[in-house]
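Note that chain A is present in both complexes that follow, paired respectively with chain B and with chain C.
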Partner chain A sequence: MNQVLYILRRLVTLIPVLLGISVLVFFLIQLVPGDPAVTLLGSHVTDAGVAALHQQLGLDQPLWRQYVTFLGRLLHGNLGESYQYKSSVSALVLQNVVPTVWLIVTGALFAVLISVPLAVWAASRRGGAADNAIRSIPLVGLGMPAFWLGIMLVLLLSLKAQLFPASGFGTGFVGHVESIILPALTVALALVPILVRSLRAGLLDVLQSDYITTAHSKGLGTPRVVLGHALRNAAVSSITVLGVNIAYLIGSTIVVERVFALNGIGYLMLTAILNRDFPIVQGVTLVFAVMVVTVNLLTDLAHAALDPRVRLA
Partner chain B sequence: MASSTEGPPSDAFTRRQAMVAHEMSRRSMLRLGLAGLGGVGLASLLAACGGGASSSGASGATAPPKPGGALTLVRSQDSVDFDKTMVFSNASIWVYNQIFEGLTIGSADGHNVEPWLAESWTQSDDRLTWTFKLKQGVKFSNGTPMTSADVKFSLDEASGTTGGWEFINSAIDTVTTPDPATIVIKTKYPWAPLLADLACPSNGIIPVNYGGKAKKDFYTAPVGTGPFAWDTWQKGNSLTLKKNASYWRPGLPYLDSVTWQVIPDDNTRNVMIQGGTAQINENPPFSTVDQLKGVPNVTVTLFPSTRTDYILMNEQRPPYNDVHVRRAISYAIDREALVKAVLFGNGTPGNSLFMPTVPYYDKNTPGQTFDMAKAKSEMALSSVPTGFTTTYLASSGDSTDAAIAQVLQASLKQLGITMNISNSDPSAVHDMQNKLNYEISHSYWTMDINDPDELVQFAVLPSGGGHSFNTSYNSSQAQDLATQAQKTFDPAQRQQIYSQLQALLAEDAFLPTLFYQPFPYAMRSNVQGFSVKPTGLYDMATVSLA
Partner chain C sequence: MTAIAFPGRTTDAATPRRRRGAVNLTLIAGLTLFGLIALAAICAPLLTSADPIAQDLLQARLPPGSPGHLLGTDQLGRDVLSRLLYGGRTDLQVGVLAVVTPFVAGTVLGLLTGWIGGWFDLVVMRVVDVVVAFPFFVLVIALVFALGAGTGSIYVAISMVGWVAYCRIVRGEVLRAKEQEYALAARASGLPTWRILFRHLLPNVVVQAVVFSMSDIVLTILAIVTLSYLGLGVPPPTPDWGSMIQDGQQFLLTQWYIATIPGLAVVLVGFALALVADGLVERFGQR
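Right after this comes the complex of A and B.
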C-alpha cells in the first residue's frame, strides 16, 4: 500500500517535469534557424507559398499563442499534427516506439546477463588472471563507437555466419526477437564494462564484511555465500549505475537504430529535427522524458526491494 | 507489411553467396586493420565483403518478363504526403507517380512529351485553345471509368492551390468538358510549355470530387488510374503499393507489389542489396558506386538526370553585384576537380543554366571553365581588385557541400579572396538562402517537366517567386527572352531564343553551374525493366523479377 502511494506520488511529480520540458523544447527549437514551411516547400519555395503554409500550420501566430495552443492540446492528450506527414503525432510515436522499447529492454537484459556472471567470477578470483582479463577486455567495448561495433556484428554474425538478420525489425514476435539480438548486443556491450566494474567492486566490498565471514564459518560453500548472501547486497549500487546508464542510453539509441534500420522514435526524432517538424520533436521529447523518469522510478523500486533499509517516502 | 528480413524466395541469400561473402570479409578484415577506420574505409569494406574480382552477374538476358513477385526498394528518406498539388518531396512524388497518371507523359530521354491518358490533341489557330481526346477504357483502380469530368476536376484542383504547384498551371484560363471523352483547355496567352506542364506529376488525374471522399481522406489512401494501387504505409518505415488488377496497359504491371523501405544509413542499404533482402537501392553514395560494381549479382546504373549543382551569389551583398567578381569566381572553380572529388568521376562539368537532359540545352553555351589567368584579369577589372573577405554558407553533414567549399576556398585564395566557411544544418541553410541572408553558397535543381520553362521561371522571372534562384539577379533582357520563349511554338525559333538566354546568363555569371550528375541506382541483377527518367520519375509497371 505504501508502495502504491509512493508510485502514485512519483507519477504526480512527473507533471511539473513534463511541463518544464515542454516549455524548454518548445522555445529552444524556435531558436534554431530554419523555417518548417521553407523546408516543406523544397526547391520551389516562394514567398506566397511560405505565407500560405504559415497560416495553415498556425505558424503566423505569436509564439506565446502557439505555446498555449500546444499546451491546450496536450492537456487533451493530443500531441498535435506532424507538419510533414499531416497526421497525428501520437499515432506516429505509438507506431515507432515499439522497436525503441524492445531495444532498450533487451539491451539492458543482455547487459545484466553478461555482467553478473563475469563480475561474480572476477570477484571470486580477485587479482587472478580471470579477474584482470574481465576487468580489461570489456573496456574495448566501451571504446568502440556503436555505429562501428554494430557494423562489425552485422558483418560477422549476419553476412558471414548468417545467424541473424542484418537489419529491420522482422515480422511477428519471433521476427522481432531475431532482429533485436544484434542491436541489443551492441547496446549491451557498451554497458557491460561499467556494470562489471561496479558490481565487482560492490562484491569485493561485501565479501570482506563480518556476515560473510560468519557465513563461511557456518560451513557454507563459496558459491552459496557469493550468490545467496553477497550478490544481493553488492547489487544495490550497481542497480543505480544501471539505471543511470539506461536513462542515458535512451537518448543514444538513435545511432543504433540507424545502423540496424530499426525505425524507432530515435529515427523519427532525427528526421523531424532535420525537417523542422516541431510537433514530432516535441512529442518524442516528451516520450523520452517519460521513459527516463520511468527508468529512474523502477531503479528506486528495485533499490528498495533489495535493501529493506531504504524507505520509499 | 513486408519487412526487411523477408525477400522473395527466388532472391534469397544463398549458401554459396554466403561462402563468397565469408572469404571476402576475412580478407577485408585484414585490409581494414591497415586502412584505419575512416568512413571510406568502412564503406569499401562493406562493399567488398560481397564479392571479389568477378564482374557483376550477366543481367539483361532476354527472357520474357515473369509476372508476379514482390519488390523492395530501399531509400534514405520516407515519403511525406500524397497531396499531389502540394507536396514537393521527390520521395513522395516518385511513389505517387505509380498511382496517378497524366494526360501526357515525358519521354524517356527528357526531350519530348508523348500522349498518355489523352490519345491525341489539336490546337486552334490562335494557339489559345487545345482540344484533347481521352483514351477509352481507362478505369480508376476502384473500378470507375475515367471521364472528362475527372480530368477537369483534377486540373482545376492543381491550378487552385496557394503555395503549391499552381505555378505550373498559371497559363491555364479555363478547362471545359464538351463530352465525356473530350477536354478543352483555354490558355490566357499562347503557351508553348502546356503539353509538358500536363505531364507534371501535380496534374495527375484523380476521381471527380475525390470519389465522394473528403480531400484529406482521399490523399490518405489515394486512388488513380496507374499500375499500382494504395496498400499500406507505416510512416517512417515502409510503404507498399499493390498491383492494380484493372490497369489499362495490357499485361502490366508484372509485379504483385512494390515496397519502398526507409533505411537512412548508407552502409545498411548497401548491405541489404548485397544480401538480397532488397532489390533496388535508390541512393547508393557515389563513394561506393565503384565498389558496388564489383559485387556479384548487383548492378549499378547511372541514369542521366536533370540534377544540376550551382554556386549561388547574393547580389544584394556587394561585391557580388559586380559582374566581374562573379565571373572571376566562376573562372576560379575547378569543375573537373569537383567532379572527381564529389562525384568520384561520375558526372560532367556544367556550362549552362540548362542541363543536357532538357530540351533546348545548348552545348555551345560559353559558361566559364577553370582558368586562373582569366579569373585574375576579371578581378583586376572589378571594384575589389585586391580581393575581399566573404563567408560561404555550407550545409553541415553534407559531404558534397564540404568538398565544394574546400575547393572553392583554395581557389579564391589565389584571387585575394578570403573565404570563411560557416556550417548550418540543411534546413537552416535553405531558409537563409530563401531569405537572401547569405553571401555565397551552393544549391541544386531537378526538373519536374520536360521543358526548361519551369527552371527559367524560377531562376529569371520575378513572377516565378524564386528571387532569381535566391540571388536577386535582375536582368530585363533575360526576362524578355524568357517570356518570349514561353510564347514561341516553333522549335527552331524557341531554340534560338533559349540559346541567346543561356549565353546571356553564362556571361553574367549569375549562377555558375558546377556539374551535371546522374542518378545512381544499385540493383540486384534479377531486376529487369527498371529505368529512371531525367526528371527522376520511374515506371514500376514494366519492372519484373527474373
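Right after this comes the complex of A and C.
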C-alpha cells in the first residue's frame, strides 16, 4: 500500500517538471535573435517564404497560443517536421535512438564495473597507497574532455592496437557490440572520476556504522565485513549516486557519438545544428530531458524498493 | 550539472581537521599551478614570437622539437606552442568570466529563497528542477545553437544553466545557518533583512559556493572546449584548445601530438583547480 502511494506521489511530482521542460524547449526558438524564420531560412529568404514559415511554425499567433499548440502536439507524440529530411522528428528520433540507448546502457554498465571495485578497494584500505592512488583519479579525471578521451582511445586501441573499429555502429549484433565498446568506454571513463569519489564516500559512511564495528568485533575479517555486510547497504546509496550522475553520462553521449560517428540521436542533433534544422534540435533536446527524468524516476523507485525508510517518510 | 554539484561533500567526516594556520600544501600547490598556467597564457606574446594564426604551408605538420617550433606545427603550418598559449588565453578567460554571472545570480537567489521560503522558494526550486532535468552539455549546446555560435552566446548559455547549482548549494547552507545562534541573534536585534542576509549570512554560506566554483570553472572550460570542437564555440581563426583538438583529429595516425597536446592542457587546468578546491575544503572544512 505504502509502495503504491509512494509511486503515485512520485508520479505527481513529474507533472510540473515535464511541463517546465516543455516550456523551456518551446522557448528555445524564441531565443533565436531577430526573426527566427529569416534566420532559419538563411540566404534564400523571400517574403513569401518567411510568411509561409511563419504560418507553418505558428509564429503569427500570440505566444501563449503557440505554446498551447506546441504542448498539444507533444501530448500526441508529435515533435514536429524536420525541414531537411521532410519527415517527422518523432520518426527520425525512433530511427536513431537505438545506438544511443546501447551507448547509455553499455556506458553505465562499464562505469559501474570500473568504479565499484575501485571504490570498494579504496574504502577498505583507507589511507593506504591504493586509497591515495584511487583518490587522485578525480583530480586528473574531472578536467578531461570526453571527446578528447575518445580520440585518445581511438588512437591507442583502434589505430595503434587495432582492437576495435574507430567509428560507426557495425552491422549485426556482433558488429554493434564491437563498435559500441570504445564509445561506451569513453562515456564510462568520463563518469568514473565523479562516481568513484561519491561511491567511496558512501562506502566510508557505511563502514563507520555501529553494525560494522559489531561485525569487526565478532572477529570477522575485513573482506567478509566489506563484501558481506557493508556492500549491501552501500548499494542503496550507490544506486542514488548512479542515478544522479547518469544525467552527466547521457549528456556526454552527444559529443562522443560525434567522435565515433555513431548515428544516435546526439549525432542527429549535431547534424541538424549544421543544417539549422530547428525542429530536430528542439525534439532531441526534449527527448534527452525526458530520458533523464525517466532515469531519475527509476532510481527513486529502486531506492524505495530497497530501502523502506524512503517510502515511509 | 547535477553530476558534480556537490563535489566537496565527499570528504571524510572522520579525517582529523587540519589545525588552523597549518600550511595547506594542497591549496598552495593548486594556486601555484593555476597561477603559472594563467601567467603563461597572459604572457603569451613574451613567451613566443610565433604568430598563432600565421599559416606556412611549407612548414606544415612538423614534429615537436623542430627548430623554431618547440611543439611542432599543425596542418596549416601554424606554431602549436603559440596556439596553445594564445588558446589558453581565450579558454581561461571565457571559463573564468562565464562563471561570474551564475555565481552571483545563483548565490543571491539561493540566499533569498532559503531565507524567504514559502511560495517563492517553491517556484524557484521548481525552475531548478526543470533546468537540472536537462543534461548539461545538451542544454548548453541547444542554447548556443539558438543564440548563434560564438563567445557571447557561451556567456549567456552558461549563465542560464549554471546559476542552478549555486542556488541549490547556498539555499541548503542558508536553511542550516538560519537556525544558528548568530543568525537568530541578528534577527532578534532587529537588524534590517538585507543586512542580516548580506553581512551576517553571506560570509558564512558563500564558502561552499566558492569551493564549487572551482569545479564549475573546469566544467565551463570543458563546455567551451566541447562547443569549439563541435564548431559552435570560439570562431575559427582565433586559437582555442577545442578547435585545435578538432584540427588534429584527422591527422591522428601520423601526427598524434596535434590533438593530444591541447587536451593535456585542459587536463592540467582541471588538475590545478581540483587541487584548489580540495585545499579550500581542507582549509574551511565541510558543512
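Simple rule for what comes next: the second predicted complex is superposed on the first by the 231 of 313 C-alpha atoms of A that agree within 3 Å, B and C clash if a C-alpha of one lies under 4 Å from a C-alpha of the other, contacts with A are read in each partner's own complex, and residues count from 1 in each chain.
Definition applied: contacts are C-beta pairs under 8 Å (C-beta built on N, C-alpha and C of every residue); 3 or more make two chains touch, one makes a residue touch a chain.
Not measured: the values here are computed from a predicted model.
For A:159, is the partner it touches chain B (first), chain C (second), both, or none of the two (neither)?
both
Check whether A:167 is in contact with chain B, with chain C, with both or with neither, and answer first, second, both or neither.
first
Go through the superposed model and pick first if A:139 touches only chain B, second if only chain C, both, or neither.
A:139: touches chain C, not chain B.
Between chain B (first) and chain C (second), which, if any, makes contact with A:231: first, second, both or neither?
neither
Regarding the shared-chain residue A:182, is it in contact with chain B (first), chain C (second), both, or neither?
A:182: touches no partner chain.
Name the contact category of A:293: first (chain B only), second (chain C only), both, or neither.
The second partner, chain C, only.
Is A:201 touching anything from chain B or chain C once the two structures are fitted on A? First, second, both or neither.
second
Have a look at where A:95 lands relative to chain B and chain C in the superposition and call it first, second, both or neither.
So A:95 only meets chain B here.
Once the shared chain is lined up, is A:17 touching chain B (first), chain C (second), both, or neither of them?
second
Identify the residues of chain A that lie in both the chain B contact region and the chain C contact region.
32-33, 148, 151, 154-155, 159, 258-259, 270, 274
Please output the residues of chain A touching chain C within their complex, sorted ascending.
So the residues of chain A touching chain C come out as 16-17, 20-21, 23-24, 28-29, 31-33, 126, 138-140, 142-149, 151-152, 154-155, 159, 191, 194, 197-198, 200-201, 204-205, 208, 244-245, 247-248, 250-252, 254-255, 258-259, 266, 269-270, 273-274, 281-282, 284-285, 288-289, 292-293, 296.
Along chain C, where are the residues that touch chain A in the complex?
Residues of chain C touching chain A: 1-4, 7, 9-14, 126-127, 129-139, 141-143, 145-148, 215, 218, 221-222, 225-226, 229-232, 242, 245, 248-249, 252-253, 256, 259-260, 262-263, 266-271, 273-275, 278.
Within the complex, which stretch of chain B touches chain A?
It is residues 1, 3-6, 13, 18, 21-22, 25, 37, 42, 45-46, 49, 77-78, 80-81, 83, 88-89, 162-165, 167, 216, 220, 234-237, 261-265, 267-268, 271-272, 274-275, 277, 424-428, 430-432, 434, 443-446, 458, 464-466 of chain B that touch chain A.
For the complex, give me every residue of chain A touching chain B.
Listed in rising order, the residues are 32-35, 38-53, 84-87, 92, 95-96, 148, 151, 154-156, 158-160, 162, 165-171, 175, 178-179, 258-261, 263, 267-268, 270-271, 274-276.
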